[in-house]
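Working notes for the structure below.
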Amino acid sequence: MHLMRVVIDVPVRINVGPIHPSTHGVLRLVVDVEGDKIENMEAHIGFLHRGVEKLLENRMYMQACPHMEKLDYFAPMSYDELYVAAVEQAYGIELKEKAMYVRTILLELQRIASHLASIGFLCNDIGQLFTAFMWSFKDRDMVLKLLEAATGTRMFYVNMRIGGLVRDLPPGFEDSAIELLDYLSKRIPAYEKYLEKNPVFMERNKGIGVISRDEAKNLGITGPVLRGSGVSYDIRKNKPYYVYEKLNFRIQVRNEGDNFARYKVRMLELRESIRIVREALKKMPPEGSAVGMPIRLIGPPVKNKITITERELPRGECMIYLVADPQRPYRAYIRSANFINLSAIEEMCKGQRFADIFSIIGGLDMVMADVDK
Amino acid sequence: MKIDKNELLAKVSEMKRNGFDYLVAITAVDYIKTVQALYFLRNLEDNKDEVLEIELLPDNPSLPTIIHLFKGANWYERELSEMFGIKIEGRNAKRLLLEKWDGKAAPLRKSFAWNAPYESSD
Amino acid sequence: MLISSSYSLISTFNSWLSSGNILLNILALIAYGIFISIILSVYDYLFGWAERKIIAKVQLRHGPTYVGKFGILQNLADVIKLLAKEHIVPDTADKFLYAIGLPAMMAISVLLVLVLPFSPYLQATNLALGLLFVLVLLSFMPLFIFVSAYSTGNKFADISAQRSVLMMLSYELPMLIVLASVALLSKSFNIAGIISAQSTGWFVWLMPIGFIVFFVAMLAELERPPFDFLEADSELIAGWLTDYSAPYYALSLFLDYTRMLFGSLIMAILFFGGWSGPFLPPIIWLLIKAVIISLFIIIIRTTLVRMRIDRMLKFGWVWMLPLSLVNLIITYMVFIH
């Protein structure tokens, strides 16, 4: 009886998730497969919806920072900074140079941590037994330790304040940062050697989930996924903020548009981030304080009612459209990179094999908390 | 750039022809008297941004779909219709974006109390 | 002392077997059964622990540490936990097939180990066509995976079942051809005969291509990475084991290591001279070889990414099959002709 059922039902409809080992959270994919080939796929999201945008409308400006950090738990500081920068822009507050440098350094360290995690997840999703995952997480942990020295916590920092940060960098930070960067710049070629010399890894990623240049624009995907499709766009370069203008780095672009290109862009961006941190540490003014205003901002009246703040987060470009009231946001729209990147998954998976869904998920490197908001 | 609702399709396709071929986001802001829909478009080559602002009436607002111009508009439009109760014409969205939600209320409108319990009818 | 006493024990049992007395025969078989159970449980248990430890070391972790010295009792604790858990049979399951699938597989893999000789005097039976018997039993495995997968009524298991058939298509034929060349080279289907044919040189030196093909096919047969499509944890959750809970899951773990023991033993026997070796008693030599092969299989598990099933099929037909044929032809031309 059983055997009959399965033979007749072609294509078979499979629910991947919401509870599944490799959907990076609570994502549900309804997949129609014929044999091993994907006929059709639909992504269901929203299991993790907290209504962050509504919450922000009911919080004082600085009360919202912890909420913002929980959006992307692999790059919490980047989101925190995005929000604080939006508020600063609304109030028309200029940063001191020292604060700008410190923020740049911390953000790039956060990017390094996030990209390292993404490489581990990719290997995990394509079926390696946690080895690359553990290795990259060990390296990520060292970055987190450095961030802990700078901010006081390992993961959810909440160390951005209007006009700067909670505290200055601790003494000795530069030396330990340089030491870590030296270590990482030795590790990254090791990862590349380990993964790219592995024919099975290459086979699982090359030519999987190809998105052409025009299609990438049409789908509106961002970040390493967009740059993996050959579009050279990076907010850090195209609309420079903080001290990125003064620093020497390149936008990393790959033209293949497949899963491997996305992985490779992240690898290359790791190197660029290391360069950026090195240079920023060198150019940072030795004296001056990076400390911002105290947390209770009653402050000046709102200068700009409506502001758009864009930042290049590790997972792509995020934007806050802030309509400011004196005490709290009237409306804060968060354009999250993961949301739009995930919306392309249906396009990417068309005609691929069942096993490729998971390499594509790993290549997209999304965080479901950010998708669902 | 403020435009009228009826101009939207023509304007977006004209802008797309002129190089604004990247849709950053679609969202809305509820100003109680009006609901303002926002279309963020970008010209990647020339590094230019444009925001299209459309004023809508707060009762039963609706917008035409632009999904035939931008595939990326798919989820944004669904989010818009779900969060602001803006009907998207020309789309038969089979289901809402978020799970376990009847879609009858518009949570991001100011009339929706953020701290009152809401019973979803599903 | 231990060795000499065990020798006398073995010779006693052998004399019982050859005595023609049915009662003594049965007693000897029971004794051999106990011996095999000890080997199986010790190997399964130790490798269950060693695999965790080795993988942990490769991944810069510690692995189990709390239960017992070096966490050696961790697996025992896990098995007790699994046995104590509620056994959930899904509603969609075909109850009869669900109940017999895994035990049948376990029986087959124990039988597989049983027909292999551990030393010239330590074997259950000396089959004239032992190699063929092993092959027949081996081809039952995918069938039972198929049955147990479909019996759960889980869709992930369905995919796993389809994959098991595809996999069988890809590796079974090359493996068969390599076994044919082994039989050709040793002029015997008898496993003891194959071992004695290797007294002049291990077959791994005489036909390295054949060994590589056989090793890859064996990895696929054992569902070991990079060919663990059937249990692919990041894709199919646990594949055909998704809906097997508590005691059945514990059984599946035992099954996994029993199959690995068989795979290592057969490779040691066919290609590494079986029990032959200086000084140490034959059984020790065989076990040493098997353990080294098992460790190698585990190390592979830590490093390789899972292949894709369609690539595996292609790999089997484009590479493994021609290579196994080349191996057969070379063997015939060089050593027989």
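Going by the order they are written in, the chains are A, B and C; count residues from 1 in each one.
FYI, a residue touches a chain if its C-beta (ideal position, glycine included) is under 8 Å from a C-beta of that chain, and two chains touch if they have at least 3 such contacts.
In this text the structure is predicted, and so the values were computed from the model without any measurement.
The central chain here, found by comparing per-chain C-alpha centres with the mean of all protein C-alpha atoms, is A. Farthest chain from chain C, judged by C-alpha centroids: B. Averaging Cα coordinates per chain places chain A and chain C 44 Å apart.
Chain B and chain C, compared by their mean Cα positions, are separated by 60 Å. A straight line joining the Cα centres of chain A and chain B is 25 Å long.
For chain A in complex with chain C, the touching residues are 1-3, 5-6, 12-15, 20-22, 33, 35-36, 123-131, 133-135, 138, 198, 200-201, 203-204, 353-358.
Chain contact summary for the complex, chain B toward chain A: residues 21-25, 27, 29-30, 38, 40, 44, 47, 49, 51, 70-76, 95-101, 107-108, 112, 114-115. Taken together, the chain C residues at the contact with chain A in this complex read 55, 58-61, 94, 97, 150-151, 153, 155-156, 158-159, 162-163, 225-226, 228-229, 232-235, 237, 301-311. Across the complex, chain B is touched by residues 28, 44-47, 49, 51, 53-55, 57-58, 215, 217-221, 231, 233, 238-239, 308, 317, 319, 321, 323, 330-331, 333, 335, 339-340, 343-344, 347, 372 of chain A.
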